[in-house]
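What follows is subunit A paired twice: with subunit B in the first complex and subunit C in the second.
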Partner chain A sequence: MIKNSMSIIKRNTTSKEPYLFMLPYLILFATFIVFPIIIAIILSFTNFNGLQFPKFIGLKNYIDLITNDDVFMQYVLPNTIKFALIVGPGGYILSFLLAWMLAQIPKLPRTILALLIYSPSMTTGIAMAVVWTVIFNGDQTGYLNSLLLSLGIINQPIQWLQSPHYLMPIMIIVSLWSSMGLGFLAMLAGVLNIDPTLYEAGYIDGISNRLQEIVYITIPSMKPQMLFGAVMAVVNTFQNGAIGVMLSGANPTPNYAGQLIVNHIEDYGIIRYEMGYAAAISVILLLMVYWISKVAWRLFGEND
Partner chain B sequence: MNKKRKQFIIVIFLLISTLIPSFAFSDVPYSVWTMNPDGKIVLTQIPYVPVEVIYGNFNNPEDLFIDKEGNKYIADTGNGAISIINKAGSEVKNIGKGILNQPTGLFVNDEGYIYVADYGNEAVYIFDKTGKLLKTFKKPISPLFGKESKFKPKKLVVDKRDNIYVISEGSTNGVIQLNKDGEFLGYFGVNTTNLGFLKILQRFFYTESQISQLFKIVPPSPDNIAIDDQSIIYTDTRDIKSQNIKKLNVAGLDMFEKDKKFFPNDVDITVDDNGNIFTVDDNGFVYEYDNFGNLLFVFGNKSTTGLRVGLFKNPSSIVVDKEGRVYVLDKDLGNITVFKPTEYANEIHKGLYLYNQGLYVESQKHWQNVLRMNSDFLLAHKAMGKAYYKQQEYEKALLEFKLAKDKKEYSNAFWEIRQNYLMKNLGKFIAIFFSLWVLYRILFFINKKTNFLYPLKRVYIRFFNIKIVRDLNMIFKFLKHPIDSFYELHWENKPGIAAATILYILIFVIQVIRIYYTGFIFNDVDLQNVSIFAEGLKIFIPLLLWIVMNYLVSNITEGEGRFRDIYVGIAYALSPYIVFSIPLVLLSNVLTLNEIFLYDFGFKLAIVWSIVLIYIMIVQIHDYSYFGALANIFTTLFSMVIVVLVAFVLYVVWNQLYVFIYDIIQEVVTRV
Partner chain C sequence: MASFSGTKINPAKFDKSQLPFYIILIPLAIFMILPIIFIFSHAFKPLDELFAFPPTFFPQKPTLQNFRNLFSATSESGIPVTRYLFNSIFVTSTIMIITIFISTAAAFALSKMKFKLKNIIFEINTLALMFVSTAVTIPRYLLISKLHIIDTYFAHILPLMAMPVGLFLIKQFLDQIPDSLIEAAKIDGASSFYIYRKIILPLIKPAIATVAILSFQIAWNNIETSNLYVNNESLRTFAFYMSTLTSNVGNTVAGQGMAAAATLIMFIPNLVIFIILQSNVMNTMAYSGIK
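Up next, the complex of A and B:
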């Protein structure tokens, strides 16, 4: 019997038909993801201005990045780490808590609320224009300024989005607000998917409250969704890089206060046309995302 | 008295005399103070010595002005005239007699026109050099000025375009700005009102009519004014504590940093050619600030008689002339005291002049001289640091900024040093790291095949099987699986008391390390005032109180935890702090202000995590519900406060008892 099943597996692994079925996806994946990454890695070793043929310069881009790029070392890297450390885990914990809370209420309100909470992540660009830039408007007509002025807390309107002091916290708030994305939906599905008999069994075995329920049953039962959520949170965090530029309306952001790696790449690649250098930064970003995802795997992977 | 003893006394006397700073022997009748890098006011060398007193037949003179040629103009308020004394002091002239009633402020522009603010006549007069009245400006008729507003000019200045800035008594809207024809241009540099939290709440909740009944907050009106060569206006408001001195730009906004502190209760303010600000206050102290508002000196004093040169009775005005001499007009004595800057002050002024123009390197030799005279002079270290920084001598700059306690500049210099170091050694680091990694991989691979590292591994395993090591190693388990670990702690006595005691000692050691080895940028502790004993008490008394009170409280509220559980539990609940602190302290030595977030975030994370662990601990070892645990925590905190209060009361009572008994004994001893 065992031998028989082994042979089935063996036959399946040697056959070529599955590849045929995967071909359309593989082609698309290769053209739009794999090749660009490979090309970016190659370009990162060159001096390329977008017009002339790239000139190979070895590791110079990377050496320049670490030793000569003051803006990168002084602002971009610390900003990125700060942003990622707060928005990544913060957004992740928020989406889990919201998903868990939503799972406790009846179906109709749950569906409506889930849609409401999910919507900011889909409409970031529009929401930014109609909600946040109005709230944080720099003159006295901005909601926040108007409120603070009428309360007598401030004497003159604060340029929220142009101030190096406030830009970063605002970016973090906005990012947390819009971090209930795909990861959140997956976690909601995960929480709902848990077999209720597990909880009953848990209570018979001596679980006495909801927190123990979460720690001992909910989280272990939805590990795949937790992992997915974690990876999405990492990706989301680094994707959100555009937020500082969107809010302040300028790249570089005022005094580099909201400059993240993505903005730095844009600054060099699209504004200064130093494609080779920009490629080197993006390779560093890729390595960072890869390394953090690996940590997420470590924490929530199946083999723990 | 034998000879040896005599010699001994002489030696002692000499020793003592060297301990007394040299300026204690100075011949000025006041002491001089400055601010040291710690922000404390300390004694310093004499920057100004009184050289001369100018007398005149003044009656309550309110204002003094010195023009470019050195002629002195005195607003002789009591006599209703302006006195002009020429530079040599040989010739005295009176103008405005009969026109002026109560002149309290005056200003002379570059062409020699004399502007007078007359408080009694409520007018501003302009005279020419000979004393001929040119113009009279009464209260502006512009509706913008306000019908109700009073025009009671006290002081005035005139800028390069002949606009007149008038300080009017009770002018809550700020300085009145008139153009050269006396037309009202607007108010300028208004003070702000400071609403307290209560006022904000009241304003939020009260109705319109309630507010109008309750309070009228009007901003204080500025009391004095000065203008510098670049037509920057300085105002001085007596009765407010913060932002009492303002440096106003064209838009009327204050250019000083918000946190700058000036001494209040000034009577007059003036600015010299380099932008240094001088004020004199009610108590006869003269303050000098540099043009960023940093305190340079405090000197002068008050005396009731006013007989000694250099002391004042009731100062009313201060002026600085081209040569840097300071003139203080005394209202009651009716005289002018002249102070001459010493070499020390001259060096500082020269240094400041160059420093403010960004010529840091050129200013260096002056600062070196200043430091030779006073090695604790804050600005000198700062300026030296900047000079070195500009010359890319970052190591020296670092040292100077450290002496000046300037964390921001220190961070910049340190960044440069670190960057240079990285540039030089990055390749080396990568190579070492990479080869170590390769070595590890190879060893790992060979070990897998031959298992030649087995003896080492056995030692390793045996080491971690020692009870105390195993117990200590459990702190990592408490980080990862707190609920299970506290369960084991209660039911299986897992980590022992000995290990917990070691952890408590470790917490103390960490505190000491934090005090002494945290990088300069992140270290707010003043090492001179640290007592290790006190630091130990600061940690152990709260911990001990918590452990004991928590045991007592939970014992009567059906908690299951034993004393031992709480003792061990608290030690292990603090494991995030124990694990994170040392790396963070080490990290703080290589971080700059740009990366301050990492350090702050690390410590905050460790503390929050520890609090969460304490909470879980309470739940697990006492077998409370989650709300029960919260109640337990608050009861424990409350009982801790009670214990501290009782201890304090006991201390006071015992002290009384001691004093009482001591007094009785004294009484008995002296009377019986």
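Up next, the complex of A and C:
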């Protein structure tokens, strides 16, 4: 019997069958994910307007980005860092705390509350923008304006989404609101699946409060889910970059107040047709995501 | 040990020690759902209530007028809304079905077969979880135009089919299914394809449901494709049509009513599918960890 199954495994190592099963996925993966990344890297070293053949210019795009692009250095980069630092870790910690609290209550209320908390993440992109433009509408029929007017806090309606002053905070609130997505569900499942005897053992070993319990038992026992959640948080934060343009309805956003790195790519690549330059920004973005995820890997990875 | 009885994860029934959690969770959940309730009530408001100051929370005289306006409306180029809706449904369902087949097949190979490049492929796929698709819009555009699929349904469908997170979740789920089941079938002479169809697919239903939801959300909400890769108005999707509503008439109140109605149409399928399949999703997410 053992011999028999051994021979089956052996037969598989030489067979082409696994590749056959992998083939459709691999072709699409290579074509639409790997290949575009390679093109972006190559184009980032060229001057390319979309029509003429790309001209190799070495590191000029990267040097320009750092030394010549005032908008990038003054607005886009600080905005992106501010947005990412608040929305990324903020959304992540919030996801974990909510998941942890939800795990402390019985199944039925937990399912209902989890659904309510998860539902905003279903309204990605344009639906999200519509939902919030109703609230932040610039005239007095907007919910927030009307509330503040009736409370006497303001005298005239505020153009929330056109205001360089308010756009970024609104983007952060909206993004946090919609950040309880897949990572949140993973962490909820993670907390629920921790072996209860671990807690018992922990209390015998001298854990005395809930905080210690989270630090010494809960998080170490669900590291893989914590890592998955962290990667999802990083990706969502950068993927959501278009939110400022959707809310304000303009690229560039008013006074570049909500301009994030993703919008800067579109501004150069699609509006100005400087595709080599846009590709260089894309490469920087991908490197940022990769580098930040690596930090998460350090924290929660098991074999790194 | 007294303190331990209070720290019970996944309790079977209500206990007053749980009250603090309810006190935090319930207001938060209400805050999360509030904007969506606004959109609901907005969608059913007649015109004069959309204009009303102060705005009413719930519609006084609920009406379907916004939906009627939406469906009788045609875009500037004369395409009826139903056409956009058809495109969305067609594109989304195609993506879902194909995504499920290619990712389950690939996950089966990655989890249950032995071959040389297995670990490398899985590691690359895990790395691709970090992939931010908006970063490569331009290379994708160049690629799609070189493949001559601009202005076709293929431009909608092909780029969204390979979903690293989908493959990842199915593979992790498959890993906990014992190999002995498959080996037994092999000894009985079953082919790999037969095993895939008759043993693997039925066993991983929860993971399939989860990936179906995810790919539905990505495809259904996608506007980039219609924006960038499709210039033919009759091939654009409902999500795209909705974005034109907000940018052209978004600040006028009548447009807001229509946009709210459109948001409901975007949102309801997501919600219904998730509610039906939520226990499958939770079951799958239990194996979602990255090790």
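One rule holds in what follows: the second predicted complex is superposed on the first by the 273 of 304 C-alpha atoms of A that agree within 3 Å, B and C clash if a C-alpha of one lies under 4 Å from a C-alpha of the other, contacts with A are read in each partner's own complex, and residues count from 1 in each chain.
In the analysis below, a residue touches a chain if its C-beta (ideal position, glycine included) is under 8 Å from a C-beta of that chain, and two chains touch if they have at least 3 such contacts.
Everything quoted here is computed from the prediction, not taken from an experiment.
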item	value
Superposed partners subunit B and subunit C on subunit A - clash or fit	fit
Which superposed partner A:I153 touches (first subunit B, second subunit C, both, neither)	first
Inter-centroid angle subunit B-subunit A-subunit C after superposition on A [Cα, multiple of 10°]	130
Contacts of A:S208 with subunit B and subunit C, given as first, second, both or neither	both
Partner with the higher number of touched subunit A residues, subunit C or subunit B	C
First, second, both or neither for A:T197, with subunit B first and subunit C second	neither
First (subunit B), second (subunit C), both or neither touched by A:T67	first
Subunit B versus subunit C as contact partner of A:L286, first or second or both or neither	second
Touching partner for A:Q52 - first (subunit B), second (subunit C), both, neither	neither
Touched partner set for A:L115, first subunit B, second subunit C, both or neither	second
Partner chain in contact with A:T124 - subunit B first, subunit C second, else both or neither	second
Subunit B versus subunit C as contact partner of A:L188, first or second or both or neither	second
Gap in Å between nearest CA atoms once subunit C and subunit B share a frame through chain A	11
Residues on subunit A lying within both footprints (that of subunit B and that of subunit C)	208-209
Of all residues in subunit B, those that touch subunit A in their complex	192, 195, 199-200, 203-204, 415, 419, 422-423, 426, 483, 594-595, 597-598, 601, 625-626
Contact set on subunit A toward subunit B in their complex	63, 66-67, 70, 73-75, 78, 81-82, 85-86, 151-153, 155, 208-209, 211-212, 215
Subunit A residues within the subunit C interface of the complex	4-5, 8-9, 12-13, 17-19, 21-22, 24-26, 28-29, 31-37, 39-40, 43, 50, 98, 101-107, 109, 111, 113, 115-120, 122-127, 129-135, 137-138, 140-143, 146, 149-150, 177, 180, 182, 185-186, 188-194, 196, 199-200, 203, 208-210, 213, 222-225, 227-228, 231-232, 234-235, 238-239, 241-242, 246, 249, 262, 265-266, 269-270, 275, 278-279, 282, 285-286, 289-290, 293, 300-303
Partner subunit A, residues of subunit C touching it in the complex	1, 3-4, 7-14, 18, 21-22, 24-26, 28-30, 32-33, 35-36, 38-39, 42, 50-55, 101-103, 105-106, 108-110, 113-116, 118, 121, 124-125, 128-140, 142-143, 158-159, 161-162, 164-165, 167, 183, 186-187, 192, 196, 214, 217, 221-223, 228, 239, 242-243, 246-247, 250-251, 253, 256, 259-260, 262-263, 266-267, 270-271, 274-275, 278, 281-283, 285-286, 288-291
